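Next come two complexes built around chain A: one with chain B, the other with chain C.
What follows is the complex of A and B.
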């Protein structure tokens, strides 16, 4: 583990000390090397015995894909930000890259820690670099409002989480994930235990986000700069999912009743947010609402606590992380050229940028969960496990899939076909850098299609 | 014109809230704007079919204005439309042209009648038909209305639909440009990224990021276009062609004549170009004359030259309407025409080189009456890429480059 964290931390002095002309590709190549190095974390997950030297920082099959995804995204974030930061002075560029690297480091540690309090501290700590990115480098004036919503929604949820963890500590005198599975906690079906579960899960529900608590997400995603949107959509939402899975698997909670409000909100949210997506006029806002619906599926699945559900949840988290990040990058390429996010003004891009049209097609297809992508594997597994839990959920999840396909196709058709807009007479052709970002998003998805066991989590059959 | 475009953009957008529109107004009191200083007439009698269509649609719009521009819980709009036709008088030389024009107008659906001198004398006994060979009179959809009411109706409705209104002056644009090599020459296409707006009474400059700019600045459009780089460039290239719109001062005089033509007095346009119409019901009339090229008054301010009336207009009025020999000038004002020096017709459409600047200007005195139709055409061009209802291809900027004027013969 340390061989990934130390180079990441050392990337900070590298950024401050490298020559100005070499800033971007130095950081890019180094972070790419770190991410390739992190791929070897997959290895232990294929063995039955896990042997770690450190007791505090370990990983298992739940966290490994997420660690690798966060390492993989950092070079992509650096690539994507190059354009909009080109006019900034050098020190500000360095600060931005350092913020990105700090965020990566905190994320790696969050996913690999074994202690729940350390997880909590790092979970909160990831808020700070993200807030810096949104409020400092965002485009519109609304970013201040967005930053406030983002910060305070998460903090409101985290306070009960802290109390819950402390009360758990006072009961069991240890919050290590490794040993908590063995100690009997929460076995009584009392009101106190239900309140404890509510307190513990609220923070993660807000992060996921659950439908009733999702208002921060469209604001934050839309106002963030491209790197911020990427990391938010790809990883920070999955922090919530990861937290739920950890809490659920370590505390053996007996009663099912406290789960019902969350389940209902999650399932209802799938349909509602998909319908909201259909009515959106702002491209980035449309892409921002789609995670809410996919994460609704993940939330509902993790709350059922079955093997297939966990498998599907982790798969969909990874798949959706890559897809959402890809869609945001595509929207950014358009934004850079037209300076407007309105769907109406960005039609018929296929004539102007045909190869980018290919990426748009692939992104839309994966967002729709086309077979044989990993998105489909995740969604299908989740839908099946929910059907097992209760037969009527198939109506909701089926309808949700249908509407997801509808709004994805609507987004694709309005950006790619239609009347050529009058005010675009010349358009800079796609940079190789942009094609590289898209390829680097699609490549893991294609490779994972071949060997999905890597992201199927610890409980696959 | 700007508020009309803003209203139509919001009206025609496919989803509510799809576009964010901001109108930047230098002077919200509109003290020098052509719109509110206008005489407020609307006529169908033009020689270009597009102009006739625009006027027909605008008349329909004004007739049903509360359906279009009515806002819930606000008082209804009283546009004070006074329906009376325009009477164009033509001498021997102009008779053939007048008849051709009437033909074009009837083709487009306007109801215009041709009158011989005897019919004229019977209908308007106060008119001296000396030198008049034929006259055309508009039977429907012509008259005059209150320009303030229309402007504020558009503004109120647009703001209720979510258009942002900004009080400030556009001082400059930030553009980014790309070079294009064509076989003949090298072209520089530029794109406006930011509009710098200076706040009133301060040195504060606010850059506004935008994707489209609609230049509806009336007689100052030429200056605004120059800020974006239209007209500044190496000579003998496309860059060099400016927007040929400049302010021209026109006077309007109001006089009182108790024995005058009375309530049935239409807007009469004389063979000499002098025009007059009834104003109110107390025996007041207003009118004016477009000066010739040599006599163009100074545009620095809006001071009225009374000697122009005494020397140029009064004799012609007195000749045409003998009762006007004794009249008393009550007041006068001056306003600017956004005069298109190339062919005195509208400029509507985008610029070939500055990608995202659209023009809707240069109407040379008949902008107010065309504003609903022109606004709709502009909104269709922006939202759908082409003109759907009235084809305004003739009015595009490209005619300045190719050198083909779209001449309108009936300019007052």
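What follows is the complex of A and C.
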């Protein structure tokens, strides 16, 4: 595991010391090498042997896909940021790349730690680089508000989480994930235990986000620069899902009543946020609301605590991470050309940028969970496990899938078809770099379609 | 200042808390506090150009004198009841309550905090530094020595009140030294919260607080900013110091993985061990209030730059003054959390 962490840390001196003309190439190639190195973490998934573990850093099937995704995303972030940072002085470019690398390092450590308090400290530590990215390199004045909302929503939930973890520590005297999974404590449905569950889960629910606590998400995603949006949508939301899976495997309530509020909000949020997506005029805001509905599915699944549910949750997290990041990159290509996020200002882009139209098509198809993509595998597994939990959830989840397809088609047809607007005089053709970013997003999805066992989490052994 | 007077005042300033800390007799402790107070009055009264500065030193003198006399009264009460002057022997309830009141008045805890913002605002930055760090040493030591006779619920109430006042009071401030005053009130609240449960953690919080506050005030002095409006142009004076000021502010707010998180985490752990979970959660959430004004300073100075400056332009009359110990302090104020077990062992 140190094979991946130490090179990532060493990227920071690399960034400060390489020649100015080679800054982007060097960091890109090195972070790509690190991500290829991280692919070997898949190896234990294929056999029951765990090679990459010691007392402090360990990966199992739940966390390995997320580590690899966060390593994979760093070169893509560096690729995507080249355009909007080209006007900045060199020291600021370096600072931006260093912020990205620090974020990657913290994320790798978060997903591979074995202790829940260490997980908490690193979970909180990812807030600072993200805050710097949103408020320093965002575009509009609203980014200050966005950063404040982001920080305070997350911290308001995670401070009770700290107290809940410490009270668990004073009860069981150990917060190691490994031993807690083997002996989950059975809890009676008392007021104290319900409050403990509320304190422990709220932080991750805010991060997911759950429907009632999601107000920070549209602000943060819209105001962040492209690299910030990518990492937020792809990985930082999944921190919440990963945390819920860890916490849920440590406790077992004798009755399911304490989980009902979260379940209700998650299921209702799927429909509500999909409907909100249909009414958005801002492209980035539309793409920002769609994670809320997908993560609602993930939240509802992880709360049912079954094997199929965890599998579907992890699959959908990875698939949605790649899809959402791809959609944000596509929106960024449009933003760089017309400097506006309004949905209807660029219609019939298929005529002007046909190759980008291919990527728009693939992104929309994966977003609406077309078979046989991994998005569909995740969603179908989750829908099945929720159906097993309670038969009536099929109405909500089915309706959610339908509305997801509707707004995705609306987004695709608004940007690609329709009448060409009269005011577009100059539309620079697509850069090779942009095509490369899209390819690097689609390629893992296509490959994972061939071997989805890699991201199936605990179901595969 | 006259070098002879300066020498006398400085040595008395250092001598006073040393006498208090090392004494086991109540009267010697009180004498140390008095020497300290008499030494610092001329220092706070050095600059009397504005009315505000004049008032600050008078307020400081009156508060400290009142607190000292209340402490003397409680000492005499203690002697009358128990017949001995030993600090380490337990005292009776009335004496310990009055001692708590006197020492919290000296520290600047709520509800006796009203003198602190104006006093810290009215003096120079170096004096603010001494007032927030060195002056807190003697009263806090006395509180730690009598901690077994103190009333836990009184102290917890005072500390929660301090955290609330430190948080809400700092929200409307634009002067940086007043903000540091309210941050001092909130941090002292954290220190006294855990006083009866574990003096080790009080000491750890105190050391961390001294490091963070010293770094912050030295940064303010070097960048020569006293208000948030001048903090916005401090990046022209020293961009690196500006960036580290942001890290220092986050550390003061208690964000992981910086040093300021370490005492908060350990205090919450001790509180939950003693089944004070609701108090722990409340105090954790109250620290979010002070996070807001720290983040506001960080926004104005570091994270958002004026829109017309894309090229770095330095201030044209730039004095290059350095303090060689400042980088070490910055590192100490940001990166100590991973070696937390060391502190648990040595304290």
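Assorted remarks:
One rule holds for everything that comes next: the second predicted complex is superposed on the first by the 450 of 461 C-alpha atoms of A that agree within 3 Å, B and C clash if a C-alpha of one lies under 4 Å from a C-alpha of the other, contacts with A are read in each partner's own complex, and residues count from 1 in each chain.
The criterion applied here is as follows: a contact is a pair of C-beta atoms (placed from the backbone, for glycine too) under 8 Å apart; a residue touches a chain by one contact, two chains touch by 3 or more.
Computed from a prediction, not measured in an experiment: that's the story for all the values here.
Aligning the two structures on chain A places chain B and chain C next to each other without any clash.
Of the two partner chains placed by superposition, A:15 touches none, neither chain B nor chain C.
After overlaying the two complexes on the shared chain, residue contacts for A:99 are found with neither chain B nor chain C. In the superposition on chain A, contact is made by A:132 with chain C only, not with chain B. In the superposed model, A:423 lies in contact with chain B only, and not with chain C.
Once the two complexes are overlaid on the shared chain, A:121 sits against chain C while remaining clear of chain B.
In the superposed pair of complexes, A:251 makes contact with neither chain B nor chain C.
Touching more residues of chain A than its counterpart among chain B and chain C is C.
Once the two complexes are laid over each other on the shared chain, residue contacts for A:340 go to chain B alone; chain C is not touched. For the combined arrangement built by superposing the two complexes, chain A sits at the apex of an angle of 90 degrees to chain B and chain C, based on C-alpha centres and given in steps of 10.
When the two complexes are overlaid on their common chain A, residue A:281 makes contact with chain B while staying clear of chain C. Distance between chain B and chain C in the overlay is 8 Å (nearest C-alpha pair, rounded to whole angstrom). The contact surfaces that chain B and chain C form on chain A in the two complexes do not overlap at any residue. If you check the complex, the residues on chain B that touch chain A are 13-20, 178, 180, 189, 191, 193, 209-212, 350, 352, 355-356, 358, 381-386.
By the touch criterion stated above, chain A contacts chain C in their complex at residues 87-89, 91, 117, 120-122, 124-125, 127-128, 131-132, 135-136, 144, 147-148, 151-152, 155-156, 159-160, 162-163, 166-167, 169-170, 199.
Every residue of chain A that touches chain B in the complex is listed here, in rising order: 139, 279, 281, 338-340, 342-345, 419-426, 428. Those residues of chain C lying in contact with chain A across their complex are 250, 255-257, 261, 265, 268-269, 272-273, 277, 280-281, 284-285, 287-288, 291-292, 295, 299, 303-304, 310-312, 337.
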